[in-house]
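Think of it as A, B, C and D in the order they're written, each chain with its own count starting at 1.
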């Protein structure tokens, strides 16, 4: 399994500054799961001062990618084939988390459950199921 | 139905500069559908120079919102409850379109089919089904 | 492309009597799309006399499978990897249709848009996006 | 919260014999979750002797319905608005379970995470996210 610093170094080298896909922190990597956190900025917000849907989707997608890479190594060409997200509660303008858990890591497809939360993991703000296609 | 200029004015006033949610053009509004176009910039790309998933999801979500607002008027509080997207083909680093078509506009929920395309509407790059909750 | 009678013969041989997966009619096969129809019976209904969700999901899944097989031949081992369905309007207790359209037929994944309708294709009762994994 | 016997009695009275929607057992109801089990029969299977997709979808939908009713009482008119399911591993022809957990129980929408499993809850065979619309 990749370590937090190895995975962070891979993202820093592969992705440009200024995107939710890069500007998150990897809090923890464990067998089967990864925890990310993200600090919203002005570009992350929508009217009313809550975190926008695309920001939430970006972090959910990134968390899914992170847990897959952590287990199979830095395969930059894994690509999202499907993402389904349910927005459950508003995400306030402060740090929030994405917990990604592998449902299945197959040879060709990997499916990940992602939950966004802020105050407590039990208060889920959004749930996403994300499928990645893994190159042969 | 709102006109292109009315809808564009609403988005310009309600959303900040520098987000895919704002920096698109509304090409056409027809009964039941809206066509948007978007010109990617550096922030829209991922490694390999193709348009990132979050950019695609942002435009899909925006197109769904646009077709709903065009039909019910500027109800800023309509919120996405679910978004499901299938990424089918790479989106190259040039202008692409989002065609949003109402599947159902109910009193409480609106469901929209969105297709992203670049060279031809028949060559779908991504398909999204987006559900918005409409305030009472 | 398989003909209606070839595809019907394959389903009749491969699936048992008494399931929505078998007891439908193939109305038409065209490049990129297939149209099925299904006559509900008592087992298809839920309280209130409308067609149940599982019946709708079964026909949607079957229509997706049909359009894929029609294009790649009778590969019994293609399996559904993801199905997303939005239930939009009640399906009354009489014949209804499933129109399946290929969004992408790749080597490893095929993604299909399915719409259920009864009185008119323009009045969509349910929309599904279905992804099949195709064996190597 | 409804008890197992109250919920079972409601399903037995509201649904006809011979459907996955009825012929399951309610194993347990706890705050926020319900566990169902189902014994496949010939009608539940597809070629190869594994449990069919529609059977899995039927039980997932039923488990979501069960956990909602257990918390709000027997509101027969709650209807599925969206169901997204990822089929991860084959379901063998023997008893399997559906664990439904409330992600959010709102006034108008309820969203439920459902996992199908057979040998161990940790080996997820299918994951579904199901949204119900709750009548006013």
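One rule holds in what follows: a residue touches a chain if its C-beta (ideal position, glycine included) is under 8 Å from a C-beta of that chain, and two chains touch if they have at least 3 such contacts.
What you see is a predicted model; the values in this text were computed from it and never measured.
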| query | Hey, what chains does chain A share as contacts with chain C? | reply | B, D
| said: Taking each chain's centre as the mean of its C-alpha atoms, which one ends up farthest from the centre of chain A? | reply: C
| note | The pair out of A-D and B-D sharing more C-beta contacts is A-D
| remark: Here the gap between chain A and chain D, centre to centre from mean Cα coordinates and rounded to Å, is 28
| field | Whole-Å gap separating chain C and chain D, where each centre is the average of the chain's CA atoms | value | 22
| CA centroid of chain B to CA centroid of chain D, Å | 33
| note | In chain B, the residues touching two or more other chains are 81-82, 84, 86, 131
| What does chain C use to touch chain D in their complex? | 14-16, 18-21, 42-43, 45-47, 52-55, 57-58, 61, 76, 79-87
| request: Note which residues of chain D are touching chain A in the complex, please. | output: 84, 86, 88-89, 103-104, 111, 113, 124, 127, 129, 131
| task | Spell out the residues on chain A that touch chain C in their complex, using ranges where they run on. | result | 81-82, 84, 108-109, 131, 133
